Each structure stands twice: as structure tokens, then as C-alpha cells.
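Below are structures written as C-alpha cells.
In what comes next, subunit A is part of two complexes: it sits with subunit B in the first one and with subunit C in the second one.
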Partner chain A sequence: MHNLLELFLGILSAMGGFVDIGELVFTLNAGAKFGYSLLWIMLFGTVGVIVYGEMAGRIAAVTHLGIFDIVRDRIGFAAGLATLVAANLVNVMTCASEIGGIAIILKLFLGWPYRFLIFLVLFFLLAAVWFLPFKWIERTFGLLGLFMVIFIFSAVALQPDWSRVAAGLAPNVPEVREQSDYFLYAYFAVALFSAIMLPYEIYFYNAGGVEDRWKPTDITVNRFTSGLGFALGSLLAASLIGVGAEYLRPHGIADALLPGAAALGPMELYGKVGLAAALAGMFFAFSGAAIETALSAAYSFAQFWGWPWGKFRGPKNAARFYFAWIVVFSLAALLTLTGIDPVELVEYSIVFSIVILPLTYLPVVAVARNKAIMGKFANGRLANVLGWFYLIVSTLAALAAVPLLIVTHGGKG
Partner chain B sequence: MPRLRKRGSHVRLESALLLFFAIGLLFLFTRTLNKSLDAAGLKIEAGDLRSVVAQAALIAGVAAQGKMTATFFRKQLNMLQDRVDKTLQKLSMAEPKSEIESKLAVAVQLARASRAELSKLGSAFGAREETAMAKRELEDLARQLWSLEQAVAA
Partner chain C sequence: MAAKDNPDYFDLAGQVLDHMIVDSEDMPCGKVDDIEIEGDLGGPLRVKALHVGPGAWMPRLPALLALIAGKFFRRSTVAVAWEQVEEITPTIKLRSTAAELGLGKADRKAARFMRKVLRS
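Now for the complex of A and B:
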């Protein structure tokens, strides 16, 4: 019974912790610009993140190795170091966007000055990570992030044409007004794929397995958590496409001012309760994501340089690991304090994420399939086929991402 | 742990991806320095402005139904105003290509009108009639911006 409850809470935490500011921005705007046409990318990317999440969790359960332990070992020191630097540049950018997003949500709720709120958010996040045990961090932010289900209720209440929703689940090219819109569609497809398969989610999921002291007997828990948790989380993200398609698009909004504009639909449908639920959901979801990015950066540094790491060790036994996440939070807050637009920042961090994605996913699939390392827990045929397939797709997406960013004027059109 | 045999193709791929990463960063920095404005750029700015104005109209509609808090109303409108100000500044400082000069003048005029409407709406919270009127004005502005976008695209 206890194990079932743990599994249930784990799945719900994975669901509530799935959406971050990057997903919010790209799903809502994808719906506003292209209706349901990009739903298939959500489906496609969700299978990918489940495949790699499951592998990363299994590696943690069997070998207790972190992602950057294997990055350094598999792709060599020089390329590993370049990947480490690029991955953490993206982590800091993403963390800064999350902090900026949280500060905007608080500003919309409390009306206090933005820069003061950035400091408040920084202290809140530092205190949360310092004082809460790892499992509590996962559960608190994951479960409270479930306030985001207001977007599922809203997407359904907006009475979508279900045949159009179903049509969007199959790969398609929408009817567009101009030739340049095809590039914009491709840009959004790549960015949505990247937002779902963000590398930091895999670093964090893998490190979480080590933090929670997973053993090979936990592999079934890992399968359910990554499979069901990520799938339900993706449903939540897909509902944002629905809100964009049914609420923003008919009003002629193609580029919403987020995160505030996301709350307009729930507010119109459910009044102030809808507003409170939407703001609370985004607050906890972005806070969880900010913590994940900062901890992921610290995990990757510690794993790459061979420092002792893990919340479970405490600050005395993992001083450099603790120092690393404090520095990442502080750098991200400083970046936000410059006045940079967090939404614009996250758009770039998502595009850069896809560029480094193959560099971190290649070692994962290489280790997960290796019988000498994983023994009887090595990939089966299906995991191997899917793993290599998604690696090839993410490499193609990585090669297309920057040219598309340039051609579409930074995703503007 | 047994190591993977490192192959030349891996190194080339890694180098290519890291090079793309660097190009992307370079694009990020050069984008902020570019002041010249062509038809595509003007269409993007007009589209941005239309989205802002349409959101303000939506906010006015929800506020008129009494479903919004005053803090949300004020702060979200302030942020929309900031965005209009930025667009207006960008349009005013732009060095336009000759074929879009007249359309740029229309865009600047519409941006100014948008700013004025947003500030009128900002002081209308709680006053249903004024909010509803501002909504109608904003919807009209959104339509004009849409026409401008179409004219620029043509």
C-alpha cells in the first residue's frame, strides 16, 4: 500500500513538475499562431522524453552514475567540457527566465515592484533548496504545480472541435498565408520539441534517482513514473495549446504577453478562482523548474569534476556542490535584474537547448544499451530503436534550430 | 566502465553543434544592434502591436464582467504599455527602406493611438461603460493594424 502511494505521488509530482516557462511560452503561442497543428509534436516529443527519462532513471538505479559522469567518459574531456559549459549557459538562462517569470506572477498577484520581487524569489528558492530534503522539493513543487490543471479544465470548457484536435495529432502542414509562415511553423516545431525534451529535465531525473537511492528493484517505479508522469505532464502542456487555439487565436493574439496572458482564459471562464489557480499553478511549476535547473547545473559540475554531490550528503560533505547551485541561482537572479525580458530569454535558451541535446543524449543511449555496464537491465530492442531514432531526430533538429532562428527573425515571423 | 570507441564522425558532429551554438549566440547579440527596417521587419512590429492591442481589448472585456482583480488589471496593462513604448521607440528610430516610408508613418501613428487608448483604459477599472468603450476602440485599432500588416505583406 505504501509503495503504491509512493508511486502515485511520484507520478503526480512528475506531472505537476513537467511544465516550465519555456513550455508555457511555446505551447500557448503555438496554439495562438497555428491552432492544433503542432499537437503532433507534443505527442512525438513526449514519447522521446519518456524513452530518455526511462533510460536515465534506469542508469541511476543500476549504476548510480550521473549524466555528466558518462558524458565525460564517453565523449572525452574536451568535448565533454564544451558540452558542460554550453549546457550550463543554457541552465543559467533557463533559471533566469523562470525567476523572472515567478517575479512577474507575484507582481500580477501582489502588485509589488519587479526588482524587489526578484530578490524575494531568490531568497525563497535558496531557502527551499537549503532546508527541504530532496524528496520534499520534488513533491512540494510537483504536487502544488498541479494547480495547472485549471488549463485542462479551461481547454475543455472552451469546447474545442475535437475532430480538429484529433487531426492535429497526426503530422501535418497547416494552411498558411505566406511562404515565410512555413519557416515559422518549422521553428515552432523544433522549439516545441526542444521544450519537451529539455536536457536539464533528464539530468535532474537521473540525479533524482541517485538522490532517492534507487536500486535495480526500483526500475518498475522508474518506468511508471517516467511513462505515466511525463505523459500526464504532457497532457497538461497540450491543454495550453488548446487554450491558445480556442481563446487567444480567435481574438487575433499571435504573440501573448506571458505569463499574465495565460491566466486570461481561466479568468474569463472561472472568474477570480480561475485567476488564482492559474497564477498559483504557474508559480509552483516555474519555482520547481528554477530549482531543477540550478540543481542540474550543480549536479553536472560535480559529476564532471568528480566532486561529492547530492542533497542527501549535506553542505559539509558536498560543499562545492552546494556552492555551485547557490552561484547558479545568484547568477540567474543577476541576469534577471538587468531587466532582460524573461520570455525572450527563454525563447533563446530553448533553441540553444536543442543544439546541445544530442551531445548529452548520445552518451545516455550508449550506456543504457551497454550490457557490460547495465547487465540484464540493458536496453531491449524497442528501447534501442527508439533511442537511436530520437537521437537522429534531435540531431537534425539541432542542425536546423539556429538557421530557423535566424530566418524567422528570432521566431517573430 | 568500458569506453566507447571514439570515431571521427562524432568529433565532427560535436564540433558542428558547438559551432551552431556559437553562431546562435552571435545572432542574439547582433539582433539588438540592427536598426534598419524593411517590409518584413515592419510587418513583425505591426503584428506585435496588434497582439498587444488585442490583449488589452481582451483584458477590458474580462474586467467589464467583474472577473479580474484591480492589481492584475493595472500590472498587466502596465506591461502591455511598456511593450507599446518599446515598439514605438523602435519604429521612431528605425531607418526605413524607401518603399515602406509611408507605411511606417501609419504604424507610428497607430502605435501612438494605441498608447493613448491603453492609458485611458488603465484608469477605467471598475467603470463598466468606460471599459466597454475602451474595448471597442482597441478592437478598432487592432483591425487597422491588421490592415496595415496586409498592406505591408502585399
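Now for the complex of A and C:
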């Protein structure tokens, strides 16, 4: 019974912790610009993140190795170091945009000055990571992030044309007004794919398995958590496409940039309760994501250089790991304090994420399929086929990402 | 018989280089940044030591990056005698503690600083 409850809470935490500011921005905008026609990318990316999440969790359970342990081992020191630097630039950018997003939400609630709120958010996040044990961090922010289900209720209450929703689940090219909109559609497809398969989610999920002392007997828990948790999280993100398509598009809000715009739909449908749930959901989801990015950066440094790491060791036994996440939070807050637009920042971080995706995922599939390392827990045929397939797709998307960013002027068309 | 069929076979580049080192108390204390091998041409080779530290990983970088890294890190290296290796799993387990071998100095320094901060 206790194990079932743990599994249930784990799945819900994975669901509530799935959406971050990047997904919010791109899904809402995708819905507002292209209706449901990008839903298939959500479905496609969700299968990909489940495949790699499951492998990363299984590696943690069997070998207790972190992702950057195997990145360095498999792609070599110099390429591994380049991946480490690039991944952490993206982590700092993403963390900064999450902090900015939280400050914007608090500003909507409290009306206090933005820069003061950034300091407040920084201290809140530092205190949360310092004082809460790892499992509590996962559970608190994951479960409270479930306030975001208000977007699922809203997407359904907006009475979508279900035949169009179903049509959007199959690969399609929408009718567009201008030729350049095809590039914009391709840009959103690549960005949505990247937003779902963000590397930090895999770093964090794998490190979480080590933090929670997973053993090979936990592989079933890993399968359910990554499979069901990520799938339900993705359903939550997909509902944002629905809100974009059914609420923002008809209201002519084509560039739903601020998180506040996301709350308009739930507010109109459910009044103050809808507004409060949407803002609270975003607050906890962005806070969880900020923590995940900062800890992921610290995990990756520690794993690459062989430092002792993990919340379970405490600050005295993993001092450099603790300093690393404090520095990442501080750098991210400083970046936000410059006045940079967090939404614009997250757009760049998502596009750059896809560039490092193949370098992160190649070592994962290489280790997960290796019988000498994984023994009887090595990939089966299906995991191998899907792993290599998604690696090829993410490589193609990585090659297309930066040209599309330039051609579409950062997604502005 | 293929080399891999030998029960004593292991792949130095694949199973040792760049792998995590843990001491006798299971504390991570660095990565194998380089492997020192001794022997004469035509004669048998044997592993002498594992090298850990910037002096060992810097030469593995492209020249320009090595030059830049040299400005930020001292080229210090700790050589761990091969006899210290107790077990090779995905990690390299040693027979002594990190402190006894001179590994993990930066960690102990950071831990002392952390203790000071926590006390004050």
C-alpha cells in the first residue's frame, strides 16, 4: 500500500513538475498562431521524453551514474566539456527566465516592484533547496504545480471542435496566409519538440533516481513515473495549446508573451478562483523548474569533475555541489535583474537546448543499450529502435534550430 | 580466443579513463584524467598510475582551450598508484581514503569554508 502511494505521488509530482515557462510560452503561442495543428509535435515529443527519461532513470537505478558521468565517458573529455559548458549556459538562461516568470506572477498578485521581487524569489528558492530534503522538493513543487490542471478544465470548458483536435494529433501542415508562415510553423515545431525534450529534465530525473537511492528493483517505479507522469504532464502542456487556440486566438492575442496572458482564459471561465489557480499553478511550476535547472547545473558539474554530490550528502560532505547551485541561482537572478525579458530569454534557451540535445542523448542510449554495463537491464529492441530514432530526429532538429531562429526573427515571423 | 573472452580482460580506455574514482569510504574524489603506462618498446606494458587533476586533463584539450584553461587552473596532478585500485565497476574503487592519497583537496577546503559559514 505504501509503495502504491509512493508511486502515485511520484507520478503526480512528475505531472505537476512537467510544465515550465518555456513550454507555457511556446504552447500558448502555438495554439494562438496555428490552432491545434502542432498537437502532433507534443505527442511525438512526449514519446521521446518518455523513452529517454525511462533510460536515464534505469541507468540511475542500475549503475548509480549521473548523465554527465556517462557524457564524459562516452563522448570524450573535450566534447564532454563543451557539452557541459553549453548545457549550463542553457541552464542559467532557463533558470533566469523561470525566476523572471515567478517575479511577474508575484507582481500580478502583490503589485510590488519587479526587481525587489526578484530578490525575494532568489531567497525563497535558496531557502527551499537548502532546507527541504530532495524528496520534499520534488513532491512540494510537483504536487502544488498541479494547480495547473485548471488549464485542462479550461481547455475542455472552451468547447473545442474535437474533430480538429483529433486531426491535430496527426502530422499536418496548416493552411497559412504567407509563404514565410511555413518557416514560422517549422520554428514552432522545433521549439515545441525542444521544450518537451529539454535536457535538464533528463539530468534532473536521472539525478533524482540517484538521490532517492533507486535500485534495480525500482525499475518498475521508474517505468510508471516516466511513462505516466510525463504523459500526464504533457497532457497538461497540450491543454495550453487548447487555451491558446480557443481563447487567445479568437480574442486576437496572437503573441501571448507574459504568463499573465495565460491566466486570462481560466479567469474568464472560473472568475477569481480560476485566476488564482492558474497563477498559483504557474508559481509552483516555475519555482520547481527553477530549482530543477539550478540543481541540474550543480549535478552536471559534480558528475563531470567527480565531486561528491547530492542533497542526501548535506552541505558539509558535498560542499562544492552546494556552492554550485547557489552560484547558478545567483547568476540567474543577476541576469534577470539586468531587465532582460524572461520570455525572450526562454525562447533562446529553448532553441539552444535542442542544439545540445544529441550530445546529451547519445551517451544515454549508448550506455542504456550496453549489456556489459546494464546486464539484464539493458535496452530491449523497442527501446533501442526508439532511442536511435529520436536521436536522429533531435540531430536534424538541432541542425534546423538556429537557421529557423534567424529566418523567423526569433519566432516573430 | 578473442581478447574480450579472457576473464581478466578490461578495457583501459573504456572502463577506466574518465571514470569516477571513489575512495575506501565510497566518497567520490575525482575522475581518471589520464593513465600512466610504463614499459619498453616490444616488451610488456603495465599500468603504473592513474592521474587526477588539471595537469592531467589540460593536455587533452585543443591547444587554444588548454592555453585558456592554463590561465585559470594550476597544472597540479595527483598520481594514484595502480596498486591502490581495488575494484573496477562503472566507478574505480580505491583501497585508501581520499585524504591519504592527496585526492579531494578542493572538496575538503570547500567543506571547511562551509563549516565556517554555517557556524557564523
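Heads up, the rule we're going with is that the second predicted complex is superposed on the first by the 412 of 413 C-alpha atoms of A that agree within 3 Å, B and C clash if a C-alpha of one lies under 4 Å from a C-alpha of the other, contacts with A are read in each partner's own complex, and residues count from 1 in each chain.
The rule is simple: a contact is a pair of C-beta atoms (placed from the backbone, for glycine too) under 8 Å apart; a residue touches a chain by one contact, two chains touch by 3 or more.
The shown structure was predicted, so the numbers you read here are calculated from the model rather than taken from an experiment.
Visitor: Considering only touches as defined above, state whether A:251 meets subunit B (first), subunit C (second), both or neither.
Guide: The first partner, subunit B, only.
Visitor: Determine, under the contact definition given at the top, whether A:373 touches first (subunit B), second (subunit C), both, or neither.
Guide: Touch status of A:373: both partners.
Visitor: Counting touched residues of subunit A, say whether subunit B or subunit C comes out ahead.
Guide: Touched residues of subunit A are more numerous for B.
Visitor: One more residue to check, A:308. First (subunit B), second (subunit C), both or neither?
Guide: The answer is second: A:308 touches subunit C but not subunit B.
Visitor: By the touch definition at the top of the document, which applies to A:107: first (subunit B), second (subunit C), both, or neither?
Guide: first
Visitor: Quick check for you: in the superposed arrangement, does A:275 touch first (subunit B), second (subunit C), both or neither?
Guide: first
Visitor: Classify the contacts of A:409 with the two partner chains as first (subunit B alone), second (subunit C alone), both, or neither.
Guide: first
Visitor: Considering only touches as defined above, state whether A:319 meets subunit B (first), subunit C (second), both or neither.
Guide: Once the two structures are laid over each other on A, A:319 reaches subunit C alone.
Visitor: Using the touch definition from the top, say if A:395 reaches subunit B (first), subunit C (second), both or neither.
Guide: So A:395 only meets subunit B here.
Visitor: Identify the partner contact of A:351: answer first if only subunit B is touched, second if only subunit C is, both if each is, neither if none is.
Guide: first
Visitor: Following superposition on chain A, which residues of subunit A contact subunit B and also contact subunit C?
Guide: Shared contact residues on subunit A: 63, 65, 73, 76, 373.
Visitor: Which part of subunit A faces subunit C closely enough to touch in the complex?
Guide: By the definition above, subunit A touches subunit C via 63-65, 69, 72-73, 76-78, 80-81, 302-309, 315-317, 319-320, 322-323, 373.
Visitor: Can you tell me which positions in subunit B touch subunit A when the two form their complex?
Guide: It comes out as residues 1-4, 6, 10-11, 13-14, 16-18, 20-21, 23-25, 27-28, 31, 40-41, 43-44, 47-48, 50-52, 54-55, 57-59, 61-62, 65, 67-69, 71-72, 74-76, 79-80, 83, 142, 146, 153.
Visitor: Provide the residue numbers of subunit A that touch subunit B in the complex, in ascending order.
Guide: 63, 65, 70, 73-76, 79, 82-83, 86, 104, 107-111, 177-178, 180, 251-257, 260-261, 263-264, 267-268, 271-272, 274-275, 348, 351-352, 355-356, 358-359, 362-363, 366-367, 370, 372-373, 395, 398-399, 401-402, 405-406, 409-410, 412-413
Visitor: Once bound in the complex, which stretches of subunit C touch subunit A?
Guide: Those in contact with subunit A are residues 18-21, 27-31, 33, 52, 57, 60-62, 65, 90-91, 104, 106-107, 110-111, 113-115, 118.
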